[in-house]
Amino acid sequence: MNFASDTTAPAHPKVIDAIAAANNGTAPSYGSDDVTAQVRSMLSDTFESDDFDFWICASGTASNALALSVMCSSTGAIACHEEAHIERDERGAPEFFSGGAKLRLLPGHGARIDEAAWREALAANNPSFVHETPMETLSLTNLTECGTAYSVETVTHYAALAKSGGLNVHLDGARLANALVSTGATPAEMTWKAGIDVVTLGLTKTGAIGCEIILLFGDMRDRFDALKARAKRSGHMPPKMRYLAAQAQAMLGNNLWLDLAGRANQSAKQLADLLCANDGVQLAYPTEGNEVFAVLPPAIEQKIREAEVKCYPWPGGSYRFVCNWATPQNDLDAIRDLLA
Amino acid sequence: MNFASDTTAPAHPKVIDAIAAANNGTAPSYGSDDVTAQVRSMLSDTFESDDFDFWICASGTASNALALSVMCSSTGAIACHEEAHIERDERGAPEFFSGGAKLRLLPGHGARIDEAAWREALAANNPSFVHETPMETLSLTNLTECGTAYSVETVTHYAALAKSGGLNVHLDGARLANALVSTGATPAEMTWKAGIDVVTLGLTKTGAIGCEIILLFGDMRDRFDALKARAKRSGHMPPKMRYLAAQAQAMLGNNLWLDLAGRANQSAKQLADLLCANDGVQLAYPTEGNEVFAVLPPAIEQKIREAEVKCYPWPGGSYRFVCNWATPQNDLDAIRDLLA
Amino acid sequence: MNFASDTTAPAHPKVIDAIAAANNGTAPSYGSDDVTAQVRSMLSDTFESDDFDFWICASGTASNALALSVMCSSTGAIACHEEAHIERDERGAPEFFSGGAKLRLLPGHGARIDEAAWREALAANNPSFVHETPMETLSLTNLTECGTAYSVETVTHYAALAKSGGLNVHLDGARLANALVSTGATPAEMTWKAGIDVVTLGLTKTGAIGCEIILLFGDMRDRFDALKARAKRSGHMPPKMRYLAAQAQAMLGNNLWLDLAGRANQSAKQLADLLCANDGVQLAYPTEGNEVFAVLPPAIEQKIREAEVKCYPWPGGSYRFVCNWATPQNDLDAIRDLLA
Amino acid sequence: MNFASDTTAPAHPKVIDAIAAANNGTAPSYGSDDVTAQVRSMLSDTFESDDFDFWICASGTASNALALSVMCSSTGAIACHEEAHIERDERGAPEFFSGGAKLRLLPGHGARIDEAAWREALAANNPSFVHETPMETLSLTNLTECGTAYSVETVTHYAALAKSGGLNVHLDGARLANALVSTGATPAEMTWKAGIDVVTLGLTKTGAIGCEIILLFGDMRDRFDALKARAKRSGHMPPKMRYLAAQAQAMLGNNLWLDLAGRANQSAKQLADLLCANDGVQLAYPTEGNEVFAVLPPAIEQKIREAEVKCYPWPGGSYRFVCNWATPQNDLDAIRDLLA
């Protein structure tokens, strides 16, 4: 029973198949190959737009940091939730890639930024006061670190506020598919139509080996050359790009990414229900994706520990259980039986 | 006829097979998996030592830069050949990862550092003179950028000189296998036995998808935690490490990497011979690996261009032709026929 | 009536005299001059120790950042109060000089770190968990940004906690003299005897033109060469060092720095008293140095504004009034009359 | 007899006087004071233009690095002579301030860039080839490190070549006054009229304590806010700016800076002549400023050493003798007598 992380799961077999299929003869290096060209076309369909540039990267940490490094200067700040992955779990990657930009941390329940705090931060932001570090970018995460989802309305609203203050907007979409399935929004609705300038679209947690796509929309395309230069010098421009592209091809094809996220979300829903069926179990945050955060009474905590169920103690006293596309029904049944 | 780069080749089928085999059930993230454990054991056999730590990385640029960033401080300099990959082809990656270290460029024919220049630079190096940037590290490349190989004797000699000056020694082994096959040296002889402290062992050009291994020998193991921290924050710590490890497993197993390098070297030898069979063709540098650098008379240059043979004009007036494990005999025959 | 900042004040005449006296014939560059040698001797007396190295720097921001850059690695974090100068007012200097270290922000009333929060942060600190950024340094500020002083006991206690967790301890002493006068502690008691490893001793706000001294105590002296290298490459190694040293000489001579801080503190005490003599005025924080933070009722706020008294609105709703060595009694009298 | 460096000299008394005069009452911080305002007006006269922004900085190293950091991106390269101060003597400051830009080194006799090498580098520069680091800026030094001067014609020509390749042009003017006096050019002719975009105008070596002025001309003024942000976070935005401004005021007033440079140049001319009056002495480079580079026969070398004449052995086998505004005629006479 492994609910430790979505990254303990294997890749979907179609991803492996696509890699094998790409392994055919010589191909131009660095993204000039046919598979990468096809990914562009699939992204165009997925996001209902041609007004974008993109870069494929094996790492989520690097994708976020690369994106932010062309959105925020080295003397600016990036606003984000205080529990955001870019703050907590990336060992200073945004600071490193940007050359020393700061993160401005905002509070809010369930890893969603509180609107009042966001408005207050914007009101106090003064780009012409040289002594402080002005915010230049807002980074939202959807699905959030606490498994909650921002609605399209909230993303749109927060992005509009950002823009009224002269900031651009980044979306950390490591679990974007889970948020899309959960909210029913389309990729376009949740991103550029909502005012998102750059999204890092994660496919790794959803079912790839290691495949994230940075999309620059509209005016941000001006920064594509800078993005490539930074990708190059940080070791995120693989010569044999076709194998990364093959992963994207497999995941985007027939919306496999959304199907797999749907499965993971359903498993999480089922898990949340069967946990809550026990007296004293409470959800710390609503289950709006593939993650369940549950506060467990001591007796249940002990059972979980004794059965060596892999899950992650979370700040605030809950446990995080992560489901993925391959979570076996057997594991869910076993949890149910364990707690019965 | 594609001789543009070894990275235009496909991966060896065993690499794909190993990835597929690794795609089996859940596995711990970040290198705690069984495949990675097996790679450690294989490296131990390959390098005849247990006194090492290692990190697997998908990128050669990042592998070099990560290694150098724990070998040289941000206020120090790295000595290397003026045509080294870390100087010419990595868009400032060493400067970026190290936080601003400088490269000290040394001359020498065929991308091999000239001994007199090396001695002179060492004699002038003064770590206690704060106004200049002292060399802290020597970075050698074997196979060099001009397809020549350093002998074990030269590596040993240059490393000993470095150490007498208080410097540590890095080996960029993007094409190490080619140099080993060419010189007949064992991995141990060419690295730690010769005084190399850290090697970045490239498997990508040899036949993997994207797989390089940084090995820290002996005292350098003290810097392994720093290396991991830097790998993490630069996006080179993939959660699903098993798939990277699988590539290494396939390549190191039964010395596949050396077999493939041997094939590439043989193709290059054959290509060099058939080019030189033509009047007026001269090798710019001896062919001591999988690369041929040939100065072509105008008539031959024209034939090559008209036939759209993919090769790369090189500074100094020659053309670079790169062979790889999968270079088809057909292509070599076609070149022979073309020039006949 | 200018209470905007201690940096609007002129320098003490003895500082100017010392600069003029130093302007005599040739002198060795970069700190090998006689004046700098004399400063070493004066620091030895002032801090009752010979076990230190020091560097003089014209900038407080740079002094803090240089000190921190040799105390914390580029992949580590510096714990500090969320209102600390290094976080709020230095435009990311610590991040820049350290190569991307993070600041870990701690709460506490009056810009003094809350003990429970400090203990909690330490308990959660895990240097071997590579995904998060471990704290490596604690930075205290005394006098704090809110004009309060840490006692020697608290500094000693917090430093001991830091060391039990493997962290070293920095003291931002931009207004150290004010804190020493206020608490009655000696320089030695408040620094190395209390467990401070590195102090940036500010003389600029106290009465110099621009003169701060970084002192590395005990084991930290190992990092002096690294400090000098970083000072050099950041433009903080002036060739004509004697003029910086002359400022230090004037300020440390006969404890002028402490005398001037005593005057500033007294002015602040007088100002606090005469403000509080008015109905509805309340101090936001106790006046333990040369700064008064007062919450003003609207009528008084209006008088202050109309009279163009220079002071600074502070987060939380108070006004900051800063006194300095040269604050004229006339200005204090004028405030009293204005509010009468 | 101290010819070690122009920075061993005292400041001109008028500089001290100006500092003392500025030490009068309160003044706004950070350059909003009256003295700084007057410097703007003097610069306007000196450079015959109002189309500039400027920043005063105590450090030459920082001035160069700050200027370059807004002229060249972190993924670009700065072309300069291989013996330039920014390459040899600033401990990696340009790399540090720019966030990892590279220096592209060009050869040329007497520290003047060779035209053919410059044309060749430009011809090979390809900003759209992501794997190499394209030059974005040309940095010239006048007076050069070998005491030679570029003529206005050459500066104009080199700058025009740079611009035809899309590069902007920086002038390291640490000894600009010496070059102006030597060539007879006006400040305007040697800078913006010649195509220089940004100049770092040095006054420290000429006779100030520590005072350099970065001037951004024309379009480069767009980068003034970025320059200030970078000055702030690197500790080069002194609160008590008036004292830096006072130095500039003294030096620019009545063209004192040019007078002092003229004196230094004349001393150098005299020194060169009296050295060359001895058999076997040869100038390594023509004396076109305040520096003499002389190759000395062994007998003279010995005399110089025994008399403890302070001078600096230079790469290539000559000795560097630097004169300054205060070089005593006595010292020159003493050299003459010593060698007689």
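First chain written, first letter: the chains are A, B, C and D, and each begins at residue 1.
We adopt the following convention: a residue touches a chain if its C-beta (ideal position, glycine included) is under 8 Å from a C-beta of that chain, and two chains touch if they have at least 3 such contacts.
Predicted, not measured: the structure shown is a model, and the values here were computed from it.
**Student:** More C-beta pairs touching across which pair, A-D or A-B?
**Tutor:** A-B
**Student:** Measuring between Cα centroids, what's the chain most distant from chain C?
**Tutor:** Result for the farthest chain: B.
**Student:** With chain centres defined as C-alpha means, what is the inter-centre distance between chain C and chain D in Å?
**Tutor:** So the centre of chain C lies 34 Å away from the centre of chain D.
**Student:** Would you mind pulling out the distance in Å between where the CA atoms of chain A average out and where those of chain C do?
**Tutor:** So the centre of chain A lies 41 Å away from the centre of chain C.
**Student:** What is the distance, in whole Å, between the centres of chain A and chain D, each centre taken as the mean of its C-alpha atoms?
**Tutor:** 50
**Student:** Between chain A and chain B, what distance separates the C-alpha centroids? Give it in angstrom.
**Tutor:** That gives a centre separation of 34 Å.
**Student:** Scan chain A for residues touching two or more other chains and write them down.
**Tutor:** In chain A, 74-75, 90-92, 96, 99-100, 130-131, 229, 232-233, 237 touch at least two other chains.
**Student:** Across the complex, what residues on chain A touch chain D?
**Tutor:** Its residues touching chain D are 30, 73-75, 99-100, 128, 130-131, 225-226, 228-230, 232-233, 237.
**Student:** Give every residue of chain B touching chain A within the complex, in rising order.
**Tutor:** Against chain A, the touching part of chain B is residues 2, 4-5, 7-11, 13, 16, 19-20, 23-29, 57-63, 65, 90-93, 96, 204, 209-210, 229, 232-240, 243, 326.
**Student:** Using the touch rule from the top, collect the residues of chain D that touch chain B in their complex.
**Tutor:** 74-75, 77, 88-92, 95-96, 99-103, 105, 130-133
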